[in-house]
Every structure is written in structure tokens, then in C-alpha cells.
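First chain A sits with chain B, and in the next complex the same chain sits with chain C.
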Partner chain A sequence: MSARRIVPLALLVLALIYPVLTMESAVYQRMGALVLLAAIGASAWNIVGGYAGQVSVGHAVFFGIGAYSSVVAFVHLGLPPIAGAPLGMAISVGLAALIGVPTLRLSGHYFSMATIAVGELVRVLASTSDFLGGAQGLGGPPMPRTVLDLSFLSAMPYYYIFLVVLAGILGLTWWIERGRMGFYLRAIKDSERAARSLGVSAGRYKLYAYMLSGAFTSVAGSLYLCMFGFIDPESGFGILISVKMVVMAALGGAGQLFGPLVGALILVPLEELSNSYLGGQGAGITYVVYGAIIVIIARFLPSGLLSLFERKPVVAQPEAAKPANPASGHAD
Partner chain B sequence: MSMTLVQVVIGGLLLGAVYALFSSGLTLIWGMMNVVNFAHGDFVMLGMYTAVVIWTSLGGGPWASVPAAAIVIATLGVISYFFLVRHIMKGPMLAQILGTFGLALFLRYGALWAFGANFKSLPDNLVGHSFVLGGIRFEGSRVLAAVVGLGVTFALHLILTRTQIGSRMLAVSENATAAQLMGIRPQRMQALAWAMAGAATGIAGALIALFLPISPTAGETLAIVAFVTVSLGGFGSVTGALVAGLLIGVVESLTAYLVGPIYKEVIVYTLFVLVLWFRPQGLMGKA
Partner chain C sequence: MIKTTLLAGAALLALAGATPVLAQQVVKIGAVYPLSGNSASTGNYAKMAFEMGVDLINNGNADLAKVFPLAKGGGLPGLKGAKLQLVIADNQGTPQAGANQTLRLITEEKVAGLVCCYQSAITVTASAVAEKYGVPMINGESVAANLTERGFKWFFRTTPVAADFATAYLTFLKEQKAAGLKTDSIAIVHENTEYGNSVSSVIADAFAKGGLNVTMKIPYAANGPDVQPQVLQLKEKNPDVVIFISYTQDAILYAKTMKELNWKPPILIADDGGFNDPAFTKQMGPVTEGLISRSVFAQGKPGSVAAIMDEIYKKKTGGDGLDDVSARALQAFFVLADAINRAGSTEPAKVQAAIKATNIKAEECVAGYDGVKFDDKGQNTLASTLVTQLKNSNYVAVWPKSRATDPLVLPYKGW
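Let's look at the complex of A and B:
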């Protein structure tokens, strides 16, 4: 019992003092910030993809909207980039409603395909738009004017900003998980028909989850822009951005509070390492490895790594005995 | 002016016949197993590269590359079925989507690693030059692709609707357990479906390679074209895929001609979203 309290506390303290421990190495500080940023995006995806079980493969749309809203706030209005974040969230919520209302009624595959198509559509549109800088993209403030521009040389300030935002998202997810909506979403994921028959308005709750998820993903995009100071259609709306969110959540455990963070802790250092050792040619191999990881998770570990540490609930006993039941034992 | 328009429409129909062919592979799997192969576009892409390899290493033209691509991609389909799809079919929705999606990434970036990012193309003279008929110019490679595409799609349709094998596959898709009780082996039929879909997809890839630039990411756009075609034509319907494929080919060509080449993708994606929105069962599908 005591170990169950000490371990999380120790991990929290470690997260808080990590930048101080890595004061010597800019590379490790930067990696810490990148892990948190990736975890923000993946945790946002987790709300709709993990908890509600609606697998969006086009979350880059919201990420790109956040990033572009921020850069537009700077380029066209002269505001600090982060001032574009609320705009990005608003547009994301609206777009999520627009995509979600028709497609969430359909079975899971349709929703996934629709999210891919919308993602590609927005990417092509962005690269033809002069307002958004076309295929070249747009840059944020070259020199920080005030601290509000959130433009720092060191990765440490970003680390703490990202940590606060991640804590906020995880806190909200935890609150949802324990509340009425969390129960509804899990019921929908297990069996939408059963959930509906018990009076859960499945469509509405899936849509809420999607809109909330989109809004937070947009925040990740805005934060990305503040740190990197530049966005183009590929780094904002590219399908790989969406893929990374899905893979991180699925590797750690989709529908688990800390699943996306665990996935980010593994995959971000992996990607940084392969990029730095293999250089430009490494990018391709990184995604071959990503693809292989995804296939292996889907095939052998669909509930993610965290499920390995899960203690089997007592209710699972009759489930385990199920194969003995002749009615369901000879499925194939 | 109007002659040019006729030219554009005919070009669209020729392209659409190939779209119909590779979309019928997707619709077959989907209709039979309720599994969406998100790696479908990358199967087409590998069919294209098979044609490149045949041409560069053996100097063979379409008569060698088309059958080779059919065999290679059919094998890939059967392997994917036995090692991946068979297992994830029973899993949660997340595993189903992730499984073939991971396969897509693996194949796409594996091809990038193996063949490089540069665009490749087959030489024009593999098929022969263009000819003029009734004032309309035809390119040999596109005509060949369309004729073979239509022929294979029609053959697939006949196999599914007129033969005993087709009836068995239909039986498995309707109720695998009942089919098994009638002495049909569901897994064998499903593997066969993957082989047939793979062969059709491979043939389509080798044909497309005759006139479209070949790159590792070519599958990304083609996958969406296939999704649009299948959802427009109705799931599991090869005839639906044929009509929708021709329609999309024409729409794409007209958009490229009237609005601009960049917008041909925009219009296809928009069409897809509109179909999902207003008529998710497809134009010819049952509700």
C-alpha cells in the first residue's frame, strides 16, 4: 500500500526537478519538453480515441488549426502567438462539431476514414492559401518582444509551461473519467447499442468528447508554434502528426489516464535518437519502426503497455472461464 | 473548345476504369469481412514499384509487370490476412484500425527506405505512342490501362456473382458460422478474398505506373480515392465501384481542366465528406 503512494509521488517530484537535473545538457532539457508536448497532444486524442473509442486518424487538423491560429495572430494582427490559442480552440470545437455530427453516427471505420479525408483536405487547402503562407508556411516572432511572446532560448520555460498544461488536461480527463460522462463513454465504447438501450444519448457524448479533444489538441498546436516559431502545412496538418498521437496513446494504453504519457516517454526519445544518429535518412526508418510497433500493438497488445501492470479485477473471473462455454468457445 | 471538353471527359473515363479496379479490391474485403484495409493505397503503390523493378531488372513491359504485380500483391494480401487481419478482426475497433494503418506506415516508409523519395516513371515507349481517333488523341498506355482495368473488374464481378466460389464467399460474409456448418471453411474463403483483392490491386498498380509518377507516398492519395469510390458505390459492390470509379475519374479530370490541377484532390476529398454526410450507404447501396 505504501509503495503505491510513494512511487507516484517520487515520479511527480522527478518530473518537477527534471530540468534542474539536466541543467548541463540542452539536448535532454529539450527532449523533456518535447515528451511533454507530445503527451499533451496524445492525451487530448485519448479523450475521444481512447475513452470514447472513436479512432480519429486526423487529429492533425486541430493541431494545425492551433498552430496556424497562433501564427496568424502574430503575422496579421501583431499579437503574441499564444493569443491565437483561444481562437484555435474555438475553430477546433466548431470544426469537430461539423465533422462529428454526420460521421459519429456511423460505425467506427467511417469516422476514421472521414477524419483522414478532412485532414488531407485541410492540408491541401492550407498549402494553396496565401493568407496562411502557402506551402512555405509562416514564422512567428523572430525576436521576442515581450515575455508574452513565449520565445525562449532555453527549453526549461517550455518544459514547465507544458507540464502545467499537461497536468490541466490530465486533471480534467481524470475528472471526466470518474464522473457521469466517463461512465457513459466507457459504456458506449463497450457496446453502443447496449448503452443506447439504457438511455445514454451516445451521439451527444461522443460529440462532446470529440469537441473537447479537438480543443486541447489545438492548444498543443499553439504551444508547438511558440516553441518552434514556424509552421508549414506538412508540420501542421501532415498525416504523421495525427499518427504520432494515435501511436503514443495506443502504445501506453488508449483509454488510460497515463497511457499517452507513457507512450510519449518511449517514442519521443526513440525518434530523437534515430533522427540524430541516422540523420536525414533516419526519418524513413523511424516511421518503418513506428509502423511495426503499431502492428505489434494491434496484434498482441491492443490494450497497451499499461495493461501489463493492471491487476485483474475480480469481475474478470467469469470472463476468463468463458472459453469453456460451448456457445462462444468455437468462434473460429 | 467542346472537343477539348470531350477529350477531358474521355481522359477521365480512362483513369476512372483503373480507379474502379483498385477500389473493387477494397470493396471486396470490406463487404466480405467488414474490415477496412487502411494499407490499400500502399498495396497499389507496391504494385507500381513491382512494375518498376520488372522494367529495370528484366526490361519487361506491361505483359510481364502486370501478372508479376498481381502475384506479388496477392501474396502480400494473403500474408497480411494470416499474420495480422485474422487476429485483429476479433479485437476491439482500435486494434482493427491500428493494425492495417500500422501496416500502411510500414510499407510506405519501407518503400521510401528501399527505393528512395525521388519520383520514378516508366518510359513512354513501353506501350506505344498516342494515336488520334475521331479528332480525339488517345495515349496508348492509358487506353491499355483502362481496357485491362475494365476487363479485370468485370471478371471479378463474374467470379463473385456467377461461380460457386463466389457463392461460398458470399455465404461466409453473411454468416461465417452457418457457412462453416455447411462445410465451407471461412478462413480459406477469407484468405481467398485477400488474394483476389490483392491481385486486382496489384494489377491496378502496375497499370497506373504506366502513366502516373511513382513515389512511396503515392498510396496516400490513392487510398483516399479508393475510400471515396467505395463509399460512393456502396460497400461490397463491385458494380458500384465501377460506376463510382468512372464518375470520380471524370470529376477529377474536369476539375483539373476547369479549375486547376491542384484542386482535383480538393474536389475528391470534398466529395468524400459530402457522401459520408448525406448518403453514407453509397449511391447504389442499400440503407
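Let's look at the complex of A and C:
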């Protein structure tokens, strides 16, 4: 019983002091920040893709909007890039409503296909827009003017900024999960028809989830721009960005609070380390290893890595009458 | 007795400790190139060029040493014969991986300098990391104009930019005009995405300023199945000069269609791109004899730096010679190696100062530049390009005269 409290507490402490532990290695410190950034995007996706079960493969649209809003705030208005984040959120919410109303009526694969189409459309539009720098893209401030430009040498400030944002998103998701909306979303995911027949306004709640998810994904885009200082259509709206969000959430456990974070904890270091140690040979081994590990996890743990920990107590104490896990969702 | 043994042991230890330090002093140079993704082929050719460069400096080459002092062998003379070591990383074609790998090469591998990164978008983010850490970076291939407008102190670029290419065509055409050829009407035919649009507008601007008339512009979709309408349009107006900006498939289609419709202009220029793809020259070379293009690389006269390196490179790759991109990448690498050698140190500030003082002559360049010398912004002021012409399915340098290997043959012959 005490282990159930000590382990999360230890993990929390570790998360808080990680940048200090990795002071000696800029690469590992930065990797921590990259994990959190990826987790922000994947956790945002999780709201609509995991909880509501509407698998969007076009979330790069919102990521790109966040990044471009930030760079536009700098290039066209001379503001610090982060000032564009609220704008990006607002546009994302608006666009999510615009896309969501017609496409969320589509079920299953058709919704996924529609989101891919919208993503590609926006990517092409961005690459022909002079205002957005066309195919060449736009750069943020080359040299930090003030601390508000959020351009740092060390990854430590990014780490803590990302940690706070991630905590915010996870906190809100947790709150939704436990409230009426969480139950509605899970009901929709299990069977939309059944949910409707019980009086759940499925269309409206899917749309809320989609808008909320889009707004947070946009924040991830804005933060990406602050850290990397450059965006072009491929790195903002490219389909790989959408796919990575889906894969991370699915790998850790879609529809579970910490699923996307666990996925990011596995995939980001895997990606970085495999590229660092195998990339220089130039044979593309990186992607072979990366892909193989995803296939293995998908084969043996189809519900994501977190399902490992869900099964355990059941096996260890089969006679335990009350598992007392009101927050654990469905293991599908 | 014990004392002497100890002493001897200590002396041996000291020797053992000391010798490797002298013999194994290694200078690391980092390279962040696309080894996977869309541009993997280009990146791997660049990688082989760097490996050849390292080998030439470390192990020497007798023929080359006569014209290229760094190829005497035995490492960098300025650092007591320290050997070079190449640390190459994959930028995966993404600005994010480019920046992350640059950080790794700087902080973990402790490279003395970097060559980076082919794609302009990646050069932006990677150079920002190098700038923050104060490690010199030399870029050999990215042509986005704004890269050297950011006020960076550690970023240097050896390649010409898009405007330089336009100026080369302009000067070339004006010379032909002076020689009596007609250049009154000029048509630009370009594919209609960012690449074609931006290059064509840069050329049109340069020509307008230089007093040449671009009389028609024909944009087209590169993935279209047919280019007859465009060629018929050309045939009707019959311009003196046609400039193509195309990818590979459409370039092949244009060459075929022009032969089918039996129309050719007196001067046909193809701006690099698809027309320089080996797939094009192999397939369409016989019917596009005399096509004019550009490249910073041409083999040059026998015994020149470019010619010798080209031969060595062919042995390494199994037949493929240096080309426009690999020669530009290799040139950037040699500029960095030369600067570290002159600095006599791997201390970043000293290397930076040495790069600023770079003064490489045209005949010491593997790329066809007028030399390498940086301005305050870090741009090579002597960067230039060669005008080449297709001869028996091979591009040969025909302009400027000082570096031409073959005579210019006009008008365009075709088939």
C-alpha cells in the first residue's frame, strides 16, 4: 500500500530535480525538455484521440498554428514569440470548431482520413503564403533581446516551463476525467449510439474535446518555436508530427492520464539515442530500430505500456475483493 | 633494489602516459548532414567527400600535395601533426534533429568546428545552437539569403546564394550579346511551387536591373502529364533565350516534347535542378547537346586540385565523380581544416579569428570559386559559379574563360 504512494512521489521528485542531476550533460538535460514538449503535444491529442476515441491524424494543424502564430508575432509585430501563443490557441479553437462540425459526424476511419486531408491542405497553403514565409519558413529572434524571448543556452529553463505547462494540461485532463464530461467522453468512445440513446449530446461533447485538444496542441507548437526558433511548413504541419502524437499516446496508453507522458518517455530518448549512436553510419538503421521497438510494443502490449501496471495487482492479489480504482479507465 | 624498480616503473608509466598524448592528438570536426530522409542520397555523397578530405589531410597524396599544401599527409602541420577525425551525425532532414545533433557534437564530442547542414531550414536551427555555444560553423550549401543577415559571429558561408547565380547568367548573356548573338527576347519557364517561383523572380529581378528583357514567363505544374501547350507557346513567340527551372521528370518531358515539336531556341539555359540529375543526362543527353547550365564544380584542367580530387573521389564512390553539392560541401570542410591549421589551436576564438582571416586562392579551391574570403557577415565574397555546357552527355565548364575547359558552342544544337 505504501509503495503505491512512495513510487509516484519519488517520480515526482525525480521530475523536479532532473535538470540538476543532468547538469553535466547538456544533451541529456535537453532530452528531458524534449520529452516534456512531446508529452504536452501527445497529452493534448489524448483528450480527443484517447478519451473521446476520435483518432485525429491531423493534429499537426494545431501544432503548426501555434508555432506560426508565435513566429508571426515576432516577424510581423516585433513581439516576443510567446506572445503569439494566446493567438494560436484562439485560432486553433476556431479552426477546430470549423473542422469539427462537419468531420466529427464521420465515424472511425473516415474522421481520421478527413483530419489528414485538412492537415495536408493547411501545409500546402502555408507553403504558398508569403505572409508565412512560404516554403522557406520563418525564423524567430536570432539573438534573445529580452528574457521574454525565451531563448536560452541551457535547456533547464525550457524544462521547467514545459513541466509547468504539462502539469497544467494533465491537471485539467484529470479534472475532466473525473467530471461529467469525462464520463460522457468514455461513453461515446465505447458506443456512440448507446451514449446518444442515454441522452448524451455526443456531437457537442466531441466538439468540446476537439477544441480543447486543439488549443493545447497549439501551445506545444508555440513552445517548440521558442526553443528551436524556426518553423517551415514541413516542421510545423508535416504529417509525421501528427503521427508521432498518436504513436506516443498509443504506446503509453491512449485514454489514460499518464499514457502520453509514458509514451514520450520511451520514444523521445529512443529516437534521440538511436540517431546519436546509429545515425552517423548513414544506413537509416535509426528508423529500423525505432520501428522495431514500436512493433514489439504494439504486438505484446496493444493497450500501451501502462497496461502492464494495471494487470499486475489483479494477478498478484486475485482474492482482493475491492480493487478501489475509480480513476482507471478502460483497458482498451 | 625496490627503489630502482619503482623508479623504472614510474618512468615507464610516465612514458606510457606521455607517448599516446603526443601521438594521438586528434582534432574533431563535426558534420551534421541528411543521412536519412528525402536528401539522404546527397548527404551520403557529402559524407564520402568529407571522409576523403580527412584521409587526404591525415595520410596525404603525393600528386595533390604539389598544388594543395594540406595534402602532404601527417595531419595538420600547424598543430604538430594532429590527425583530423570526422564525427558525422544525421540531421534526418528535420530542423529539430539538426539542432539536437549539433548540440551533441559540441558538448559530447567536443568538436573544434562544424560543417553543416545542406538544407537551409536545418542550417537555421543548427547554427543558432553553435552560435550560443560559440563554436565556429561553416556552411557550404544553403542558399537562403537571410542566413548571413542574422548578425551571427560564429557562422560562415562559402557557397554563392541565389542572386549570385542570376548575376552569373546575366554577365554570361551580356557577353554573348556583345559577341553578336541575339538576346532581345528572353523566356523563363518555371515549375510553379516555391523553388521555381523564387528562382525565377530572382533571375527576372537581376536581369531587369542589368538591362536584359524577360519578355515572357511560363509557370507550369511539375507533375503535369504533358508540356505540349508550354512548348507550343514558346514555338509561337520564338524567343532568343529560354531559361528552364525544373525538376527531373518535367525536364525530361520538356526535352522530349521539344524534339517532337521540332523547336529549339538559339540559347537554352537550364538552371541546375532536374537538368543536372544523372537520370536526365543519361536519358536525354543525346538530344540536348549544347544545353547550358550552372555548377560550382567542373573537373577542370588535368593536374588541378579539382581534377585530382575528382579522380580520388571516383575511386572511393565506385565511379561517381564530385558534383555541384559534394564539391561545395568539401570546400567548406577544407576551409575549416585550413583555419584550424593556421590557428594552431582548437580554441574556438582562435579558430574563429583564423576563419575570418581566410584567404584561399581560386587554384586551391575544389569548388569553382574565385577563392574564399569572408565579409563581416560571414559570407564568402569570392563565391561564384561556373557556366557549364552539355557535351556528349557530360557537363563541361565553358565560362568564365579563365576556368573554362572546353570552348562554348552556340547556338544550341539539341539533337
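Everything below uses one rule, namely that the second predicted complex is superposed on the first by the 286 of 332 C-alpha atoms of A that agree within 3 Å, B and C clash if a C-alpha of one lies under 4 Å from a C-alpha of the other, contacts with A are read in each partner's own complex, and residues count from 1 in each chain.
As a working rule, contacts are C-beta pairs under 8 Å (C-beta built on N, C-alpha and C of every residue); 3 or more make two chains touch, one makes a residue touch a chain.
As the structure is a prediction and not an experimental result, all values here were calculated from the model.
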item	value
Partner chain in contact with A:287 - chain B first, chain C second, else both or neither	both
Partner chain in contact with A:135 - chain B first, chain C second, else both or neither	second
Contacts of A:160 with chain B and chain C, given as first, second, both or neither	neither
Partner chain(s) touched by A:183 [first = chain B, second = chain C, both, neither]	neither
Chain B versus chain C as contact partner of A:102, first or second or both or neither	first
Broader residue contact with chain A after superposition on the shared chain, chain B or chain C	B
Which superposed partner A:25 touches (first chain B, second chain C, both, neither)	second
Those residues of chain A which chain B touches in one complex and chain C touches in the other	128, 281, 284, 286-287
Chain A residues touching chain B - in the complex, by the definition given at the top	49-50, 53, 55, 57, 99, 102-103, 106, 108-110, 112-114, 116-118, 120-121, 124-125, 128, 239, 243, 246, 250, 254, 281, 284-288, 290-299, 302, 331-332
In the complex with chain A, residue positions of chain B that touch it	36, 38, 83-84, 87-88, 90-99, 101-110, 112-113, 117, 186-187, 220-221, 224, 227-228, 231, 262-263, 265-266, 269-270, 272-273, 276-278, 280
Sites on chain C touched by chain A in the complex	35-36, 40, 43-44, 47, 87-90, 92, 94-97, 99-101, 103-104, 107-108, 120-121, 124-125, 128, 131-133, 144, 146, 150-152, 193-195, 198
Residues of chain A touching chain C in the complex	25-27, 30, 34, 127-128, 134-137, 139, 142-143, 153, 224, 228-230, 232, 234-235, 272, 275-276, 279-282, 284, 286-287
